[in-house]
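Some structures are shown below for you to check.
The two complexes that follow have chain A in common; it is paired with chain B in the first and with chain C in the second.
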Partner chain A sequence: MKRGGADTRLAYGLMAPALVLIIAVMAYPVAWEVWTSFTNFSVRSEGRAFVGLANYRAMLGDPLFWWALAVTIVYFLVTTTAKLALGLGMALLLARPSRLRALVFLAVFLPWAYPGGVTVVAWYWMLNPPLITSYSLVAGTLKHAVDSTLGPGAWAFVSVALFNVWRGGSFTAVFLLAGLNAIPTELFDYAALETRSAWQRLRHVTVPLLRPFLALAVFLSFTGAFADLANVWMLTGGRIVFPVIGTYAYWLGIRQGQFGEAAAWSLSLVPLLALALLVLFRWFDPPAERPA
Partner chain B sequence: MAQVLMKDLNKKYDEVHAVKDVNLHIRDKEFIVLVGPSGCGKTTTLRMLAGLEEITAGEIHIGDRLVNDLPPKDRDIAMVFQNYALYPHMTVYDNMAFGLKMRKFPRAEIEQRVRDAAQLLGIQELLKRKPRQLSGGQRQRVAVGRAIVRHPQVFLFDEPLSNLDAKLRVQMRVELKKLHNRLETTAVYVTHDQVEAMTLGDRVVVMKDGWIQQVGEPLELYAHPVNKFVAGFIGSPAMNFADVTINDTGGVVTAESQGLRLQVPPAKAGALRAYKGQSVAFGVRPEDVHIATGADPAGLTFDAVVEVVEPLGSEILLDVRAGSSTTTIVARVEPTVRSKVKDSIKLAVNPERLHFFDPKTEQAI
Partner chain C sequence: MSVRGRWRHALLLSVIALYSLFPIYFITVQSLKTPEEDVFGSPLWVADPTFENYTELFESGEARVRGYAILPKVPFVIWLANSAVVLAASVVLTLACAVPAAYALGRLRPPGWRWWRRVLFATYVIPQTILFIPMYQVVLAFGLDDSPAALVVIYSAMALPFCVWLLSAYYANLPREIEESALVEGATRLGAFRRIMLPMSRNVLVASGLFTLGTVGQDFMLASVFLLDRYKQTVAAGLGVMDVSLEELVAVAGVNMAAIPVVILCALFARGYVRGLTAAMLEGA
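Up next is the complex of A and B:
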């Protein structure tokens, strides 16, 4: 057992640098944020005082919070469904051997590989043309039509969701393609021999085998949607026509300087993230399937 | 159950001509083995039969149907893969039932067939497990069971035993043979292991570079290889080869090389006379070389020095150098022989079992 003790100490020693780094860049800021959420830290007042759960109480009592939460959840559900469907379709196409594969791969990969800041401006101009042309008339009419049918803010929602799917779909495709390539081809050969239709193959073979990758894609999409700030911010020109939790927290903290409240808003995502992780881990790695 | 017919079958990839003019008639209920070194086209041939590879040219018939344009699912075949191809997300039962479920068989019949196959293979206890909780041998059984439940016209096996350890491989080999005797379903089996080929096949197809070299019953291939490749590929330890020069002195045809001077038996002498003065490849199997006794005529013996002794228990392998030459010959001798390294001994060959091959075409003479 003496040997074991030395090994354990060595193991901790080897982990130490990584631990220090994690504590410095993750644990400390998070702890600071948790503390701040219990204070009235703000640019509007001197000093900061412990206010207990006041920030959380204010947040939960704010109809805007519930609105933002609902929008965030719908945004997540809509974009994730679309990205998974689109990404899986593209990945399955790319997995087939073809002479044009390299070209298609490039086309699929570009939206994701291109700098986000640039593409988002392109989308912004496409949806809100900076110059008056006949196109801007079309864009304007479209916006008006969508907003008047689905309610104000719908156009913003649609455009942000479209951008997210366009950009995230290609990432999901690349991601799932890697997953497909990691699955032994014999499993698909066997499916070709035994299944009666492409749908059976997808449902009984491809999707179950891709499950770990799909779960990770859902989780990435989840965190992306909930923390989404940059895309929403830039596409809506910094106006809160489209409140997701991430944007509103940014608005509160950076624009209005109410750090305490902003911290509470950000942290409201933690229970949801934890729940999502739990569900996804259960889904793609059930305890019963672990090696006996 | 069905016969399988391949006519002028070809497979070309961009650069590689993988299968060349394969013509093969596999009889109903036959167990046929395709064997050859890697890259010989055996697996490609099997995959074309399964429908997993497109046919470049030629025809494949299963039963009385031309299947060239039939998708794999409609060919009524069941395949066992090298890596078993079990679905990790399904239990053994679900894996075995998969093909039948997809084909919408009634639940009771699926259950019956899976239970029967599981009993046949001795895996009833494993039905509720997931593949990753099984050993290699157990997975292999599940993969075979999954093929059996389908009651297909033809079984296809793609190197199914090559991931098992040596002992298990021998055991599964026997089981597969018993299984085939019992089910009597036509089977096409691909392997690179000539021992598997010889022990399992009713007939064996030896392939190399996309060509069929020889088709025949195991012992026929062993005794009468049509060319040097088949002669060297079938049999373990492999056939001994030496380059010899053919001489004809007064009607006595001899094959000579440094340290070796053998009188060619009359049966072969006629054909070999045409090679007079030329070099040909001479081959003799290790068991056809024995310690010379007084009864061996002088023209069939040669002197040798023992270089390595490999006592295997039931027999001893002697690696010897013939006379002063660099030619090494392996002799398979009785376990009672007491030869040591560096011993000088006299060996004799069995005249009925000498092989000669054309130096250019490598065809048997």
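Up next is the complex of A and C:
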């Protein structure tokens, strides 16, 4: 169907509020961050001079960066895999009819519904009790065990990662449940005839059909990976000392006041996230052209 | 399903319910304890429950004495009210911007519509880490510090791309006849949208609204940076400045208090949330 220019003008008019909102919020901060990463802006020196790629060069030459990058990638992969596995498992269980289903669904929904920004605070203090409490001994033993294996500050980091998995797994479960509901049931009936085991069915039918939803869940997991860490970092005044790109950028920016380097550090993840975005677009967009 | 299969299914469902609820149960148990029981009691249950930590949140007066420490009064009711305002305004602003954009992208399909949607979505790639520094500059430039308006605008921008994506997928999947029959009867495009398509997309709107709520609920950092006036803070910002090492249990009680209205909202809309997500993903829903 050929559409006239009036429709196009109307379309742009309707899109305007959304675009204005995004540009108003994002344009200056993003430009600031990119520009700052090319300057020596810091509380230690006056003024800000353009230093080209010096911050990036310093970052890439810093062994800590590579260690932090490795930790970050492992963190991304482990939390995302855990969220997907838990989410898929819970979604599959909830997709089957049962009398318990409505109640269990609400329970599974709750971790995500519980306001994450403040719950992580409670969670953090629960797992890292600041004073003597009834379970200090258990918490202390755990902390000691994890810290002595993975390095100082690891338990604080792991406890927040656990929160990220708990909350994110709930979101993934509900999201994948919606995805399962969108798949015509006949496909599962055929699959039941064609395959022998439930495991085969999962691998060859369910997962491929859910692929676009899995891709979106992975992407949102990646982009949301630092939110909880950032919250706890701010709340505890930087008690998370385990080297991860996100919190180290904070440390550089807020504690050290080296904004140039902090900007370079936080932008260093853009290629990784952009790659995830490209994979997502390949698998998820356009939904309209996906064979039913 | 066999009887054994049904039992196994019920058992597994119970396990995931326990797993999901345990952390909430755990923090709730701690929040119901007296300071003595917090030290000497069992971590898993509370023998002598007290609502002390909760009532402390609502106490009036300038200072509270607890042990040897004198703590400032916490204007918790005001925080709750501020949070509710921020939340409601964010959901309204997000939907007000997302719905027209989604209709344009899903139905009117201007040139490059797919790219517009992708560009919106690509904003999620921007690392949020130190972005609050320039954001705060903008907020100061507009004189919006200590104002919930700044948070509302930023939260909406964060939730918007996903909501546009969801809603536009739904509008794009609606059969063309639905819109055309209204046009034949003399309705305008926007009239047909408002009277027919918008009500049909109710569940998708619910899904978008709840997603926005999740986004707002996840933030602690921006709220704590932008809102410094104690009486203008949201729950997140306020709990952040409490001296947690002294008031751990009160802070935890505050988390639970803040969660109650959100949980009720979610319980009411949870079904619609899943239906809405499904509807957006289905073809010709």
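Heads up, the rule we're going with is that the second predicted complex is superposed on the first by the 229 of 292 C-alpha atoms of A that agree within 3 Å, B and C clash if a C-alpha of one lies under 4 Å from a C-alpha of the other, contacts with A are read in each partner's own complex, and residues count from 1 in each chain.
Operating definition for what follows: a contact is a pair of C-beta atoms (placed from the backbone, for glycine too) under 8 Å apart; a residue touches a chain by one contact, two chains touch by 3 or more.
These figures come from a predicted structure and were not determined experimentally.
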After the superposition on A, what does A:R211 contact: first (chain B), second (chain C), both or neither? first
After superposition on the shared chain, which partner residues are touched by A:Y114: those of chain B (first), chain C (second), both, or neither? second
Under the stated touch criterion, which partner chain does A:Y190 make contact with: chain B (first), chain C (second), both, or neither? first
Touching A:P29 in the superposition: chain B (first), chain C (second), both, neither? second
For A:A225 in the superposed arrangement: first (chain B), second (chain C), both or neither? neither
Is A:L88 touching anything from chain B or chain C once the two structures are fitted on A? First, second, both or neither. neither
For A:A156, using the defined touch cut-off, is the partner it touches chain B, chain C, both, or neither? Pick first, second, both or neither. neither
Counting touched residues of chain A, say whether chain B or chain C comes out ahead. C
Following superposition on chain A, which residues of chain A contact chain B and also contact chain C? 288, 292
Flag every residue of chain A that touches chain B in the complex, lowest number first. 184, 186-187, 189-190, 192-196, 200, 204-205, 208-209, 211, 288-289, 291-292
Using the touch rule from the top, collect the residues of chain A that touch chain C in their complex. 3, 7-8, 10-15, 17-19, 21-22, 24-26, 28-30, 32-33, 89-90, 93-94, 96, 98-101, 103-123, 125-126, 129-135, 138, 166, 170-171, 174-175, 177-179, 181-182, 213, 219-220, 223-224, 226-228, 230-231, 234-235, 246, 249-250, 253-254, 259, 262-263, 265-267, 269-270, 273-274, 277, 281, 285-288, 290, 292
For the chain B and chain A complex, residues of the former touching the latter: 50-52, 71-73, 77-79, 81-85, 87-89, 98-99, 102-104, 129-130, 132-133
Given the complex, residues on chain C that touch chain A span 1, 6, 9-10, 12-14, 16-17, 20-21, 23-24, 26-27, 30, 37-43, 93, 96-98, 100-101, 103-105, 108-111, 113-114, 116-118, 120-131, 133-135, 137-138, 153-154, 156-157, 160-162, 164, 169, 172-173, 189, 214, 217-221, 223-225, 235-236, 239-240, 244-245, 248, 251-252, 254-255, 258-259, 262-263, 265-267, 270, 273-278, 281-283
